[in-house]
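Reviewing the structure listed below.
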Amino acid sequence: MTQTRSIDIAIGCGLATAAFALVRLGGRQTLGSPVRTHIDTARTFNRSSALLALSVLTDSAMEHYRGSFDNPAMYTPLVVSTLSLFAGLHGGSDLEPARHPVRDSIYLSAALAGVAGTGFHLYNITKRPGGWSWHNLFYAAPIGAPMALLLSGALGAVSERLRDEPAHEPRLFGMPAGQALALLTSAGLVGTLGEVALMHFRGSFHNPVMYAPIVIPPVASALLINAAFAEPRDHWFTRLWLRVTTALGFIGVGFHARGVARARGGWRNWSQNLFNGPPLPAPPSFSALALAALGALRLRETEKK
Amino acid sequence: MTGLPRYPGYDVTAKRDTPSWDDVTRTVIDERLATPHEPHFFDVVEWQALCALCACIVPQDRERPVVPVAALVDARLANNLGDGYRDARLPPMRDAWRIGLRALDAESRSRHELPFSSIAEEARHALLTDMQEGGLDGPEWRGMPGAVFFAKRVLHDICGMYYAHPHAWSEIGFGGPANPRGYVRMVANRRDPWEAAEARPGREDQAYKENRRVR
Amino acid sequence: MSADDPHDAQLVPRGKNGRAPDVFRPAAWIPMREYPQDEAVDFAIVGTGAGGGTLACRLAEKGFKVVAFDAGAWWRPLEEFASDETHQGKLFWTDERICDGENPLHLGNNNSGKAVGGSTVHFAMVSLRFRPEWFRSRSLLGYGADWPLDWREMWRYYGEVEEALKIAGPVNYPWGPKRPRYPYRAHELNASALVLARGCEALGIDWSPTPLATVSAPRGDAHPCVYRGFCVSGCATNAKQSALLTWIPRAVRAGAEVRDLAMVGRIAMGHDGRASGVEYMREGRWQFQRARNVVVAGYAIETPRLLLMSATERFPDGLANSSGLVGKNLMVQLNQAVWGTMDEEIRWYKGPPSLSLTEHWNYEDKGKDFFGGYCYMSQGPLPVAWVSTQNGRGLWGQRLQDEMRKYNHQAGLKIVGEAMPQERNRVTLADEKDRYGLPVARVTYSLCDNDKRLVRHSLDFMSLALEAAGARDVWRETDDTCHLNGTARMGDDPATSVVNADCRSWDIDNLWICDGSVFPTVGGVNPSLTIQAIAMRTADRIETLAARGDL
């Protein structure tokens, strides 16, 4: 059991580091806040989109490899998420107060690919014997996975629209931008939740830690909704909780690595366990959304109403 | 599926040093592959008959590596590894084989004046078909029904040892040993990279290349 | 030292010197309490399978002093289970038995395990509950005999066993009264299982992933299934929740002693007409363990064999046999199948052999010309098992080899069908002696008309189903059976049964029988879950009886 032992140690270090950082930082606002311009928020969203795109790239590459790229369309998310990743990195350092047309079209195609992917996955589930059933939700194409690509596109597209807004009282979707972004990221967190809940239910919650990603993010989501509709003020607890959610995503990778080590043959049997075991690239999607939400929160706290 | 499936170039033993095989399996299979080709249980006469019998029950062409079936059957009888039961109409396994092989030779001599190993293939097939249908019942059988001997010993023991050999596994595209690594892709028409690739008509080369890469 | 020679495990007992193998850690041991032979333990249990292993665990956990005996070896699956059907024959009862009757049985690797953990070491892990009405087969359904057990009580024990074994089953089970959710989720269906599903959907009946005693997620030190497909040759992954991995380690931790390579040859009787202990062969010599109670749990051949072999002047027809029924009413389950060839690659060697099933004909009473029921399941035989099925068709030579080449394109549906209890089907003692000097068992079996009608109905139906799923060249396997039950049936009348509802023999109040022998009827589902549930109930009953001094 030495593989799991060494991963346990790594997780322990990760948890200790995260706990230390959270205790030091608490829910205090840090350097870089209050946000000077809405561009900073936009760049945060670009970067979160990139992180989400990276997660989608690795996850869809592994899963579609497992599916033997049976349908040529299965290459699409790899291509689109790669483009989205580059767009996000580019936008993350871009100070231009204007929508970038190439990035924007990449983001829109990512969102469309996410919607199309959901359609493909839905077809894959319902065409099998049993149709819409627990078994097919567990083992056919994961219904919630393409949603991550949609979210990556959405975060990026929103960022581009935000850049177009004036620096003073920017607005999105008919409301103050910060409010809109808080609601968007809140929805994103809830959306990511569904797939995790399904997969951890499939794993029978054999380890109590598997409840963490279905308990922590909904609270973050609720706090964000509260921050969106309440009078703008310092929401230190929301900030703290979002930092916990960010840490959750990265520590989740550690736990998934532990899951791979825990299977028969451990890492030596990687050619099976990477694909049958818990997906390594999935947990950081929470981190990506939580980081974007922190950006939204910063913007919200500067707004007048 | 047109024609019989083929797996050109596939060899389960190519996975010997992968996570699909473990120590105990390697020991077991190595030993099976190292079974001596001379008999330890049967005498020379019985051995001749057995070899001819095996050639009829599981004919092997020259294309594929040979499975030493007769040797494996002989080894099993030498070790007297039984099944844990026997049909009441049969004597214990070793006695059944000795009686059966000698009776087969006797039947062959009475028809063709030659032992079973010396007669032509068609004649052998005819004799075996008779045995299967219960038509052989001379005194050499000592009351053992030929049809029951054929079904429960000849077919059971010979075919069982043939398909216990890695060459036979490769022939039928069986995944072979699998510990600790099992399988990932469970649905139809999907294979893991360490499984046999079936040759599509006109694309045997592709299957051959994939099978050489199996590990 | 040849790999096919008996392993260390089959030559040298491992359950001794105060320790037992830790099956979860290579080369490791756990401490085991040992009991002196000349001091009577509370329970001497013969056999450590689904009945004996479960009972040993529960009694030890309730504080009783327990010694369990098994003729078989104490295997370490992780290191000693090779991926080879032939070599793994070491898991089966390979001492001689003689089979006759109109339909002589196939024993050995078909249904008879010999190992600590019994047949649960090699079984296919199918874990199904009885249909409630079967406990009243005679009163409610008009055949067989009534059980002296209430289905509601059994329903509770089924739940306890399912929880103890973390059965991996579907979220919703289509048949029978409500049950708690299976503790672990069902496994992914392989292509072979999906063929069954398609067939059922085409014919408009329900189907389901099979509830299996192998884990689909990590559990304690057990690894989740890797779908290697060697289940019935022994699970080297330690995913299969056999008694070897579950009840036995719990029993040892609770203070029970397990003696492997210990063949019990006789139950000794005292002058008071009660059992005084067991005589067993271990390490080359006959030994004797004193006991206040003896439980026989050797499964449906060895149990009556031991009772008959233990005959004395006072009990000339064998122990607990005033009814004359010890050894009689042997029931197998019908195991016929249909097989066919698919255009797509099925590769049924991946995963447990029976990943999907339908119990439609267990719960549907209309449209049957027979009593009883059957379920059928998808299949995944490995090469040696498959060629044996082909031999059963009479195939040999080039025709056989051509058929075998289609190995990766096969699919099949196989029943577990309810055979009727018949007194003429029985286990008796032959004159031949085995290597311990004990009389070999003679197993006599003949099907009755009801059995044959059930078989015909099932083959007709499954042929339709398999063709509806797209199979070609569908053919019928007409001769196969599985499991063993009934040879020491339970009842509420000493004249017509061997044990009562508590598995206590009518004749000898400290002689118990706790395995598949006690089934009055066999139902149309695999027996292992029911055997374990009966053992759990028996342990509770023993605790109650002991508390009020009735032991």
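Letters are used for the chains, namely A, B and C, taken in the order the chains are written, and counting of residues starts over at 1 for each.
By definition in this document, a residue touches a chain if its C-beta (ideal position, glycine included) is under 8 Å from a C-beta of that chain, and two chains touch if they have at least 3 such contacts.
What you see is a predicted model, and the numbers here were worked out from it, not measured in a lab.
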{"item": "Higher-contact pair (C-beta pairs counted), A-C versus A-B", "value": "A-C"}
{"item": "Far-end chain from chain C, centres as C-alpha averages", "value": "A"}
{"item": "Separation of mean Cα positions, chain C and chain B [Å, integer]", "value": "30"}
{"item": "Intercentroid distance (Cα basis), chain C paired with chain A, Å", "value": "49"}
{"item": "Centre distance in Å when chain A and chain B are each reduced to the mean of their C-alpha atoms", "value": "56"}
{"item": "Of all residues in chain C, the ones touching two or more other chains", "value": "188-189, 194, 226, 237"}
{"item": "Residue list for chain B, restricted to those that touch at least two other chains", "value": "180-184, 190"}
{"item": "Residue numbers of chain A (touch at least two other chains)", "value": "264-265, 269, 272, 276"}
{"item": "Contacting residues of chain A [partner chain B, same complex]", "value": "66-68, 70, 264-265, 268-269, 271-272, 275-276"}
{"item": "For the chain C and chain B complex, residues of the former touching the latter", "value": "2-5, 79-87, 89, 92-100, 104-109, 112, 188-191, 194, 225-230, 236-237, 341-347, 349-351, 382-384, 386-388, 390-391, 394, 396-398, 400-402, 404-409, 442-443"}
{"item": "For the chain B and chain A complex, residues of the former touching the latter", "value": "19, 180-185, 190, 192-194"}
{"item": "In the complex, chain B residues that touch chain C", "value": "1, 4-6, 20-25, 27-29, 31-32, 56-59, 79, 81-89, 92, 125, 128, 132, 151, 155-156, 159-164, 168-169, 171-184, 186-191, 195-196, 198"}
{"item": "Chain A-touching residues of chain C, taken from the complex the two chains share", "value": "166, 170-172, 183-186, 188-189, 194, 197-198, 201, 207, 209, 216-219, 223-224, 226, 237-239"}
